[in-house]
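Below is one structure. I have some questions about it.
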Amino acid sequence: MKENKSSMQKVNQFRDDRDWRQFHKEKDLAISISLEASELLELFQWKNSEEVVSNKLERIKEELADVLIYSYMLADNLDLDIDEIIAEKLVKNEAKYPVNKSKGKNEKYTEL
Amino acid sequence: MKENKSSMQKVNQFRDDRDWRQFHKEKDLAISISLEASELLELFQWKNSEEVVSNKLERIKEELADVLIYSYMLADNLDLDIDEIIAEKLVKNEAKYPVNKSKGKNEKYTEL
Amino acid sequence: MKENKSSMQKVNQFRDDRDWRQFHKEKDLAISISLEASELLELFQWKNSEEVVSNKLERIKEELADVLIYSYMLADNLDLDIDEIIAEKLVKNEAKYPVNKSKGKNEKYTEL
Amino acid sequence: MKENKSSMQKVNQFRDDRDWRQFHKEKDLAISISLEASELLELFQWKNSEEVVSNKLERIKEELADVLIYSYMLADNLDLDIDEIIAEKLVKNEAKYPVNKSKGKNEKYTEL
(Lines give C-alpha, C1' and ligand atoms only; values in the text may rest on other atoms or scores of the structure.)
Protein backbone atom coordinates (compact mmCIF):
# COMPACT_ATOMS: atom_id res chain seq x y z
CA MET A 1 0.00 0.00 0.00
CA LYS A 2 1.74 3.14 -1.16
CA GLU A 3 1.82 6.04 1.26
CA ASN A 4 0.71 8.60 -1.29
CA LYS A 5 -2.67 7.00 -1.89
CA SER A 6 -5.71 8.76 -0.48
CA SER A 7 -7.79 7.11 2.27
CA MET A 8 -10.57 6.54 -0.24
CA GLN A 9 -8.19 4.78 -2.62
CA LYS A 10 -6.86 2.56 0.18
CA VAL A 11 -10.37 1.65 1.31
CA ASN A 12 -11.38 0.75 -2.22
CA GLN A 13 -8.25 -1.25 -2.85
CA PHE A 14 -8.93 -3.23 0.33
CA ARG A 15 -12.37 -4.29 -0.82
CA ASP A 16 -11.46 -4.78 -4.45
CA ASP A 17 -8.52 -7.04 -3.51
CA ARG A 18 -11.12 -9.24 -1.76
CA ASP A 19 -13.79 -8.96 -4.45
CA TRP A 20 -16.25 -7.70 -1.85
CA ARG A 21 -18.19 -5.11 -3.83
CA GLN A 22 -20.69 -7.83 -4.69
CA PHE A 23 -21.76 -7.88 -1.00
CA HIS A 24 -21.68 -4.12 -0.56
CA LYS A 25 -25.28 -3.23 -1.29
CA GLU A 26 -25.97 0.22 0.10
CA LYS A 27 -28.46 -1.14 2.66
CA ASP A 28 -25.85 -3.52 4.00
CA LEU A 29 -23.23 -0.78 4.13
CA ALA A 30 -25.69 1.34 6.14
CA ILE A 31 -26.19 -1.62 8.49
CA SER A 32 -22.41 -1.97 8.83
CA ILE A 33 -21.88 1.70 9.61
CA SER A 34 -24.49 1.36 12.35
CA LEU A 35 -22.88 -1.82 13.74
CA GLU A 36 -19.42 -0.24 13.86
CA ALA A 37 -20.87 2.86 15.54
CA SER A 38 -22.29 0.51 18.19
CA GLU A 39 -18.93 -1.17 18.70
CA LEU A 40 -17.48 2.28 19.28
CA LEU A 41 -20.27 3.13 21.72
CA GLU A 42 -19.85 -0.21 23.50
CA LEU A 43 -16.45 0.96 24.74
CA PHE A 44 -18.31 3.59 26.80
CA GLN A 45 -20.97 1.21 28.20
CA TRP A 46 -21.38 1.76 31.98
CA LYS A 47 -18.36 4.11 31.96
CA ASN A 48 -17.74 7.84 31.76
CA SER A 49 -15.73 9.49 29.01
CA GLU A 50 -12.63 10.08 31.10
CA GLU A 51 -11.99 6.48 32.10
CA VAL A 52 -12.57 5.23 28.55
CA VAL A 53 -10.37 7.83 26.89
CA SER A 54 -7.58 7.07 29.37
CA ASN A 55 -7.79 3.30 29.12
CA LYS A 56 -9.08 2.43 25.68
CA LEU A 57 -7.74 4.97 23.21
CA GLU A 58 -6.36 2.27 20.94
CA ARG A 59 -9.77 0.58 20.74
CA ILE A 60 -11.50 3.92 20.10
CA LYS A 61 -9.14 4.53 17.18
CA GLU A 62 -9.97 1.14 15.69
CA GLU A 63 -13.74 1.40 15.99
CA LEU A 64 -13.86 5.02 14.81
CA ALA A 65 -11.74 3.99 11.82
CA ASP A 66 -14.23 1.22 11.02
CA VAL A 67 -17.10 3.73 11.03
CA LEU A 68 -15.11 5.90 8.63
CA ILE A 69 -14.09 3.00 6.39
CA TYR A 70 -17.67 1.86 5.82
CA SER A 71 -18.79 5.48 5.42
CA TYR A 72 -16.19 5.97 2.70
CA MET A 73 -17.34 2.77 0.98
CA LEU A 74 -20.95 3.96 0.94
CA ALA A 75 -19.84 7.36 -0.38
CA ASP A 76 -17.83 5.67 -3.12
CA ASN A 77 -20.73 3.39 -4.07
CA LEU A 78 -22.84 6.48 -4.65
CA ASP A 79 -20.11 8.63 -6.21
CA LEU A 80 -20.29 11.13 -3.39
CA ASP A 81 -17.44 13.45 -2.50
CA ILE A 82 -16.84 13.33 1.27
CA ASP A 83 -15.73 16.93 1.61
CA GLU A 84 -18.60 18.16 -0.51
CA ILE A 85 -21.37 16.40 1.43
CA ILE A 86 -19.86 17.59 4.73
CA ALA A 87 -19.72 21.19 3.48
CA GLU A 88 -23.30 21.02 2.19
CA LYS A 89 -24.61 19.54 5.43
CA LEU A 90 -22.86 22.16 7.55
CA VAL A 91 -24.66 24.84 5.55
CA LYS A 92 -27.99 23.14 6.31
CA ASN A 93 -27.07 22.74 9.97
CA GLU A 94 -26.23 26.44 10.14
CA ALA A 95 -29.76 27.22 9.02
CA LYS A 96 -31.24 24.82 11.62
CA TYR A 97 -28.95 26.07 14.37
CA PRO A 98 -28.39 29.83 13.90
CA VAL A 99 -25.58 31.00 16.18
CA ASN A 100 -27.74 33.53 18.00
CA LYS A 101 -30.37 30.91 18.98
CA SER A 102 -28.16 27.89 19.64
CA LYS A 103 -24.98 29.28 21.20
CA GLY A 104 -24.24 27.42 24.42
CA LYS A 105 -27.52 25.41 24.21
CA ASN A 106 -27.79 21.62 24.05
CA GLU A 107 -31.36 21.57 22.72
CA LYS A 108 -32.51 20.00 19.48
CA TYR A 109 -33.42 22.58 16.83
CA THR A 110 -37.06 21.55 17.17
CA GLU A 111 -36.94 22.71 20.77
CA LEU A 112 -34.91 25.91 20.43
CA MET B 1 -16.86 29.86 5.31
CA LYS B 2 -13.88 29.98 3.00
CA GLU B 3 -13.61 27.27 0.37
CA ASN B 4 -10.02 26.46 1.12
CA LYS B 5 -10.65 25.27 4.65
CA SER B 6 -10.43 21.54 5.30
CA SER B 7 -13.53 19.57 6.33
CA MET B 8 -12.07 19.21 9.81
CA GLN B 9 -11.61 22.96 10.12
CA LYS B 10 -15.18 23.61 8.95
CA VAL B 11 -16.58 21.08 11.41
CA ASN B 12 -14.65 22.63 14.27
CA GLN B 13 -15.61 26.15 13.33
CA PHE B 14 -19.27 25.10 13.31
CA ARG B 15 -19.13 23.83 16.88
CA ASP B 16 -16.86 26.57 18.18
CA ASP B 17 -19.14 29.29 16.76
CA ARG B 18 -21.89 27.74 18.91
CA ASP B 19 -19.73 27.11 21.98
CA TRP B 20 -20.70 23.44 21.87
CA ARG B 21 -17.47 21.76 22.90
CA GLN B 22 -18.71 21.87 26.50
CA PHE B 23 -21.39 19.28 25.54
CA HIS B 24 -19.10 17.18 23.39
CA LYS B 25 -17.90 14.60 25.88
CA GLU B 26 -16.54 11.64 23.98
CA LYS B 27 -19.28 9.33 25.26
CA ASP B 28 -21.94 11.70 23.94
CA LEU B 29 -20.16 12.01 20.60
CA ALA B 30 -20.10 8.21 20.35
CA ILE B 31 -23.86 8.20 21.09
CA SER B 32 -24.38 10.82 18.39
CA ILE B 33 -22.41 8.90 15.77
CA SER B 34 -24.60 5.89 16.54
CA LEU B 35 -27.82 7.94 16.33
CA GLU B 36 -26.85 9.45 12.98
CA ALA B 37 -25.91 6.01 11.66
CA SER B 38 -29.44 4.91 12.62
CA GLU B 39 -30.99 7.83 10.81
CA LEU B 40 -29.05 6.77 7.74
CA LEU B 41 -30.19 3.17 8.17
CA GLU B 42 -33.79 4.26 8.71
CA LEU B 43 -33.92 5.39 5.09
CA PHE B 44 -33.57 1.71 4.13
CA GLN B 45 -36.19 0.38 6.59
CA TRP B 46 -38.52 -2.11 4.82
CA LYS B 47 -36.93 -1.21 1.46
CA ASN B 48 -34.20 -2.60 -0.78
CA SER B 49 -31.09 -0.68 -1.75
CA GLU B 50 -32.22 0.11 -5.27
CA GLU B 51 -35.46 1.91 -4.39
CA VAL B 52 -33.75 3.94 -1.66
CA VAL B 53 -30.77 4.97 -3.77
CA SER B 54 -33.12 6.02 -6.59
CA ASN B 55 -35.55 7.96 -4.42
CA LYS B 56 -33.64 9.25 -1.44
CA LEU B 57 -30.13 10.13 -2.52
CA GLU B 58 -30.38 13.63 -1.07
CA ARG B 59 -31.37 12.24 2.34
CA ILE B 60 -28.57 9.64 2.20
CA LYS B 61 -26.06 12.42 1.57
CA GLU B 62 -27.32 14.36 4.59
CA GLU B 63 -27.31 11.45 7.03
CA LEU B 64 -23.97 10.11 5.85
CA ALA B 65 -22.54 13.62 6.26
CA ASP B 66 -23.85 13.73 9.83
CA VAL B 67 -22.09 10.44 10.63
CA LEU B 68 -18.88 11.90 9.23
CA ILE B 69 -19.27 15.24 11.02
CA TYR B 70 -19.62 13.63 14.45
CA SER B 71 -16.81 11.20 13.63
CA TYR B 72 -14.53 14.12 12.77
CA MET B 73 -15.48 15.85 16.04
CA LEU B 74 -14.60 12.77 18.07
CA ALA B 75 -11.31 12.44 16.18
CA ASP B 76 -10.52 16.07 16.87
CA ASN B 77 -11.38 15.74 20.57
CA LEU B 78 -8.80 12.96 20.81
CA ASP B 79 -6.23 14.53 18.49
CA LEU B 80 -6.53 11.70 16.01
CA ASP B 81 -5.59 12.02 12.37
CA ILE B 82 -8.41 10.61 10.22
CA ASP B 83 -6.17 9.33 7.43
CA GLU B 84 -3.75 7.78 9.89
CA ILE B 85 -6.35 5.78 11.85
CA ILE B 86 -7.92 4.56 8.60
CA ALA B 87 -4.52 3.43 7.28
CA GLU B 88 -3.67 1.68 10.55
CA LYS B 89 -7.02 -0.09 10.72
CA LEU B 90 -6.76 -1.28 7.14
CA VAL B 91 -3.44 -2.91 8.02
CA LYS B 92 -5.14 -4.72 10.92
CA ASN B 93 -8.07 -5.72 8.72
CA GLU B 94 -5.66 -7.14 6.16
CA ALA B 95 -4.25 -9.42 8.85
CA LYS B 96 -7.76 -10.52 9.90
CA TYR B 97 -8.91 -10.97 6.33
CA PRO B 98 -5.99 -12.29 4.23
CA VAL B 99 -6.87 -12.10 0.54
CA ASN B 100 -6.40 -15.82 -0.04
CA LYS B 101 -8.88 -16.77 2.70
CA SER B 102 -11.47 -14.02 2.34
CA LYS B 103 -11.67 -13.34 -1.38
CA GLY B 104 -15.29 -13.51 -2.51
CA LYS B 105 -16.49 -14.62 0.94
CA ASN B 106 -19.00 -12.77 3.16
CA GLU B 107 -18.05 -14.56 6.38
CA LYS B 108 -16.77 -12.89 9.53
CA TYR B 109 -13.07 -13.52 10.15
CA THR B 110 -13.98 -15.70 13.13
CA GLU B 111 -15.79 -18.03 10.72
CA LEU B 112 -13.35 -18.09 7.83
CA MET C 1 -34.50 -19.76 40.12
CA LYS C 2 -38.05 -20.90 40.73
CA GLU C 3 -40.17 -21.55 37.67
CA ASN C 4 -43.16 -19.58 38.93
CA LYS C 5 -41.39 -16.25 39.02
CA SER C 6 -42.27 -13.74 36.32
CA SER C 7 -39.64 -12.69 33.76
CA MET C 8 -39.48 -9.27 35.38
CA GLN C 9 -38.79 -10.83 38.79
CA LYS C 10 -36.05 -13.03 37.33
CA VAL C 11 -34.41 -10.08 35.57
CA ASN C 12 -34.44 -8.03 38.75
CA GLN C 13 -33.12 -10.87 40.86
CA PHE C 14 -30.24 -11.28 38.42
CA ARG C 15 -29.14 -7.69 38.77
CA ASP C 16 -29.82 -7.43 42.48
CA ASP C 17 -27.76 -10.57 43.19
CA ARG C 18 -24.85 -8.71 41.53
CA ASP C 19 -25.56 -5.33 43.11
CA TRP C 20 -25.72 -3.80 39.65
CA ARG C 21 -28.52 -1.25 40.06
CA GLN C 22 -25.84 1.32 40.96
CA PHE C 23 -24.61 1.17 37.34
CA HIS C 24 -28.07 1.07 35.78
CA LYS C 25 -28.68 4.75 35.14
CA GLU C 26 -31.45 5.07 32.59
CA LYS C 27 -29.13 6.58 29.99
CA ASP C 28 -26.79 3.61 30.29
CA LEU C 29 -29.69 1.16 30.06
CA ALA C 30 -30.83 2.92 26.88
CA ILE C 31 -27.27 2.57 25.52
CA SER C 32 -27.31 -1.13 26.42
CA ILE C 33 -30.65 -1.78 24.71
CA SER C 34 -29.19 -0.17 21.59
CA LEU C 35 -25.98 -2.22 21.80
CA GLU C 36 -27.87 -5.49 22.19
CA ALA C 37 -30.14 -4.56 19.29
CA SER C 38 -26.98 -4.11 17.22
CA GLU C 39 -25.65 -7.51 18.26
CA LEU C 40 -28.94 -8.96 17.07
CA LEU C 41 -28.70 -7.05 13.79
CA GLU C 42 -25.07 -8.10 13.35
CA LEU C 43 -26.23 -11.68 12.84
CA PHE C 44 -27.90 -10.50 9.62
CA GLN C 45 -24.91 -8.48 8.33
CA TRP C 46 -24.30 -9.25 4.61
CA LYS C 47 -26.89 -12.06 4.75
CA ASN C 48 -30.57 -12.46 3.96
CA SER C 49 -33.19 -13.46 6.51
CA GLU C 50 -33.52 -17.05 5.34
CA GLU C 51 -29.88 -18.07 5.76
CA VAL C 52 -29.66 -16.45 9.18
CA VAL C 53 -32.88 -17.93 10.52
CA SER C 54 -31.79 -21.38 9.31
CA ASN C 55 -28.25 -21.22 10.66
CA LYS C 56 -28.28 -18.93 13.67
CA LEU C 57 -31.56 -19.39 15.50
CA GLU C 58 -29.84 -20.03 18.81
CA ARG C 59 -27.86 -16.78 18.51
CA ILE C 60 -31.00 -14.86 17.55
CA LYS C 61 -32.72 -16.16 20.69
CA GLU C 62 -29.83 -14.99 22.85
CA GLU C 63 -29.52 -11.51 21.39
CA LEU C 64 -33.27 -10.93 21.30
CA ALA C 65 -33.43 -12.02 24.93
CA ASP C 66 -30.71 -9.48 25.81
CA VAL C 67 -32.75 -6.70 24.18
CA LEU C 68 -35.75 -7.76 26.25
CA ILE C 69 -33.77 -8.11 29.49
CA TYR C 70 -32.40 -4.56 29.32
CA SER C 71 -35.81 -3.27 28.22
CA TYR C 72 -37.39 -4.87 31.28
CA MET C 73 -34.71 -3.34 33.51
CA LEU C 74 -35.40 0.13 32.13
CA ALA C 75 -39.15 -0.40 32.57
CA ASP C 76 -38.58 -1.50 36.16
CA ASN C 77 -36.32 1.49 36.90
CA LEU C 78 -39.17 3.77 35.83
CA ASP C 79 -41.99 1.72 37.36
CA LEU C 80 -43.53 1.08 33.97
CA ASP C 81 -45.84 -1.83 33.26
CA ILE C 82 -44.70 -3.59 30.07
CA ASP C 83 -48.17 -4.65 28.95
CA GLU C 84 -49.60 -1.24 29.66
CA ILE C 85 -47.01 0.74 27.66
CA ILE C 86 -47.37 -1.69 24.74
CA ALA C 87 -51.18 -1.33 24.78
CA GLU C 88 -50.95 2.46 24.95
CA LYS C 89 -48.44 2.66 22.11
CA LEU C 90 -50.52 0.39 19.89
CA VAL C 91 -53.43 2.80 20.33
CA LYS C 92 -51.18 5.67 19.21
CA ASN C 93 -49.85 3.64 16.29
CA GLU C 94 -53.40 2.88 15.20
CA ALA C 95 -54.05 6.61 14.95
CA LYS C 96 -50.84 7.13 12.93
CA TYR C 97 -51.51 4.13 10.72
CA PRO C 98 -55.28 3.86 10.12
CA VAL C 99 -56.07 0.51 8.52
CA ASN C 100 -57.67 2.06 5.45
CA LYS C 101 -54.59 4.16 4.63
CA SER C 102 -51.80 1.78 5.62
CA LYS C 103 -53.08 -1.68 4.69
CA GLY C 104 -50.47 -3.44 2.58
CA LYS C 105 -48.23 -0.36 2.45
CA ASN C 106 -44.63 -0.14 3.69
CA GLU C 107 -44.51 3.67 3.87
CA LYS C 108 -43.84 5.72 6.97
CA TYR C 109 -46.93 7.50 8.30
CA THR C 110 -45.41 10.84 7.23
CA GLU C 111 -45.48 9.60 3.62
CA LEU C 112 -48.86 7.88 3.53
CA MET D 1 -59.19 -4.29 21.38
CA LYS D 2 -60.34 -6.42 24.28
CA GLU D 3 -58.51 -6.01 27.57
CA ASN D 4 -58.03 -9.71 28.11
CA LYS D 5 -55.82 -10.20 25.10
CA SER D 6 -52.13 -10.73 25.73
CA SER D 7 -49.59 -8.15 24.51
CA MET D 8 -48.42 -10.63 21.90
CA GLN D 9 -51.95 -11.06 20.58
CA LYS D 10 -52.46 -7.30 20.39
CA VAL D 11 -49.17 -6.80 18.55
CA ASN D 12 -50.06 -9.50 16.04
CA GLN D 13 -53.56 -8.18 15.52
CA PHE D 14 -52.11 -4.75 14.82
CA ARG D 15 -49.90 -6.03 12.03
CA ASP D 16 -52.39 -8.51 10.63
CA ASP D 17 -55.09 -5.83 10.41
CA ARG D 18 -52.66 -3.93 8.14
CA ASP D 19 -51.45 -6.98 6.21
CA TRP D 20 -47.87 -6.13 7.17
CA ARG D 21 -46.37 -9.58 7.69
CA GLN D 22 -45.29 -9.52 4.03
CA PHE D 23 -42.78 -6.75 4.93
CA HIS D 24 -41.68 -8.30 8.23
CA LYS D 25 -38.66 -10.28 7.11
CA GLU D 26 -36.57 -11.07 10.16
CA LYS D 27 -33.67 -8.94 8.94
CA ASP D 28 -35.97 -5.93 8.61
CA LEU D 29 -37.46 -6.56 12.05
CA ALA D 30 -33.93 -6.63 13.48
CA ILE D 31 -33.24 -3.32 11.73
CA SER D 32 -36.45 -1.89 13.18
CA ILE D 33 -35.62 -3.00 16.74
CA SER D 34 -32.27 -1.25 16.35
CA LEU D 35 -33.87 1.92 14.97
CA GLU D 36 -36.40 2.10 17.80
CA ALA D 37 -33.63 1.53 20.34
CA SER D 38 -31.87 4.53 18.81
CA GLU D 39 -34.98 6.67 19.07
CA LEU D 40 -35.09 5.76 22.75
CA LEU D 41 -31.41 6.60 23.15
CA GLU D 42 -31.85 9.87 21.26
CA LEU D 43 -33.94 11.18 24.17
CA PHE D 44 -30.78 11.03 26.28
CA GLN D 45 -28.48 12.71 23.72
CA TRP D 46 -26.34 15.42 25.40
CA LYS D 47 -28.35 14.99 28.64
CA ASN D 48 -28.02 13.07 31.88
CA SER D 49 -30.52 10.49 33.07
CA GLU D 50 -32.14 12.68 35.68
CA GLU D 51 -33.20 15.50 33.38
CA VAL D 52 -34.55 13.11 30.77
CA VAL D 53 -36.51 10.97 33.22
CA SER D 54 -38.04 14.12 34.75
CA ASN D 55 -38.93 15.80 31.48
CA LYS D 56 -39.54 13.09 28.92
CA LEU D 57 -41.11 10.12 30.65
CA GLU D 58 -43.98 9.99 28.17
CA ARG D 59 -41.55 9.82 25.24
CA ILE D 60 -39.49 7.14 26.99
CA LYS D 61 -42.62 5.02 27.41
CA GLU D 62 -43.43 5.35 23.72
CA GLU D 63 -39.97 4.49 22.42
CA LEU D 64 -39.45 1.63 24.87
CA ALA D 65 -42.83 0.25 23.83
CA ASP D 66 -41.75 0.38 20.17
CA VAL D 67 -38.62 -1.63 20.99
CA LEU D 68 -40.81 -4.21 22.72
CA ILE D 69 -43.42 -4.29 19.95
CA TYR D 70 -40.85 -5.10 17.25
CA SER D 71 -39.12 -7.57 19.57
CA TYR D 72 -42.43 -9.38 20.09
CA MET D 73 -43.00 -9.44 16.32
CA LEU D 74 -39.61 -11.02 15.71
CA ALA D 75 -40.24 -13.55 18.48
CA ASP D 76 -43.59 -14.41 16.95
CA ASN D 77 -42.10 -14.77 13.46
CA LEU D 78 -39.72 -17.38 14.85
CA ASP D 79 -42.20 -19.04 17.20
CA LEU D 80 -40.18 -18.06 20.24
CA ASP D 81 -41.65 -17.80 23.72
CA ILE D 82 -40.58 -14.48 25.28
CA ASP D 83 -40.46 -15.77 28.85
CA GLU D 84 -38.59 -18.87 27.82
CA ILE D 85 -35.81 -17.10 25.91
CA ILE D 86 -35.38 -14.62 28.78
CA ALA D 87 -35.11 -17.45 31.31
CA GLU D 88 -32.62 -19.34 29.15
CA LYS D 89 -30.47 -16.25 28.57
CA LEU D 90 -30.39 -15.42 32.28
CA VAL D 91 -29.02 -18.89 32.95
CA LYS D 92 -26.25 -18.26 30.39
CA ASN D 93 -25.56 -14.81 31.84
CA GLU D 94 -25.25 -16.34 35.30
CA ALA D 95 -22.49 -18.59 34.00
CA LYS D 96 -20.70 -15.61 32.36
CA TYR D 97 -21.16 -13.41 35.42
CA PRO D 98 -20.88 -15.56 38.55
CA VAL D 99 -22.01 -13.58 41.59
CA ASN D 100 -18.69 -13.94 43.38
CA LYS D 101 -16.70 -12.49 40.48
CA SER D 102 -19.10 -9.83 39.22
CA LYS D 103 -20.80 -8.44 42.32
CA GLY D 104 -20.51 -4.64 42.33
CA LYS D 105 -18.31 -4.63 39.21
CA ASN D 106 -19.10 -2.90 35.90
CA GLU D 107 -16.62 -4.86 33.80
CA LYS D 108 -17.45 -7.02 30.82
CA TYR D 109 -17.13 -10.75 31.52
CA THR D 110 -14.11 -10.88 29.23
CA GLU D 111 -12.35 -8.49 31.61
CA LEU D 112 -13.43 -9.90 34.98
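To keep things simple, chains are lettered A, B, C and D as they appear, and every chain counts its residues starting from 1.
As a convention for this text, a contact is a pair of C-beta atoms (placed from the backbone, for glycine too) under 8 Å apart; a residue touches a chain by one contact, two chains touch by 3 or more.
Quick caveat, the model's predicted, so the values are computed rather than measured.
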Worksheet item: Pick the pair with more C-beta contacts: A-C or B-C?
Response: A-C
Practice prompt. Determine, among A-D, C-D or B-D, the equivalent of interface A-B; equivalence here requires over half of the contact pairs to be the same by residue number.
Written response: C-D
Worksheet item: chain B to chain C: how many Å between their CA centres?
Response: 26
Discussion item. Just the number, please: Cα centre separation of chain C and chain D in whole Å.
Written reply: 1
Item to complete: Specify, in ascending order, the residues of chain B that touch 2 or more different other chains.
Response: 23, 28, 31, 34, 38, 41, 44-47, 106
Practice prompt. Mind listing the chain D positions that touch chain A in their complex?
Written response: 31, 34, 45-47, 106, 108
Item to complete: Going by the contact rule at the top, pick out the chain D residues touching chain B in the complex.
Response: 23, 28, 31-32, 34-35, 38-39, 41-42, 44-46
Worksheet item: Within the complex, which stretch of chain A touches chain B?
Response: 1, 6-7, 10-11, 14, 17-20, 22-23, 25-28, 30-31, 33-34, 36-38, 40-41, 43-44, 47-49, 52-53, 57, 60-62, 64-69, 71-72, 74-75, 78, 80, 82-83, 85-94, 97, 99, 102-104, 106
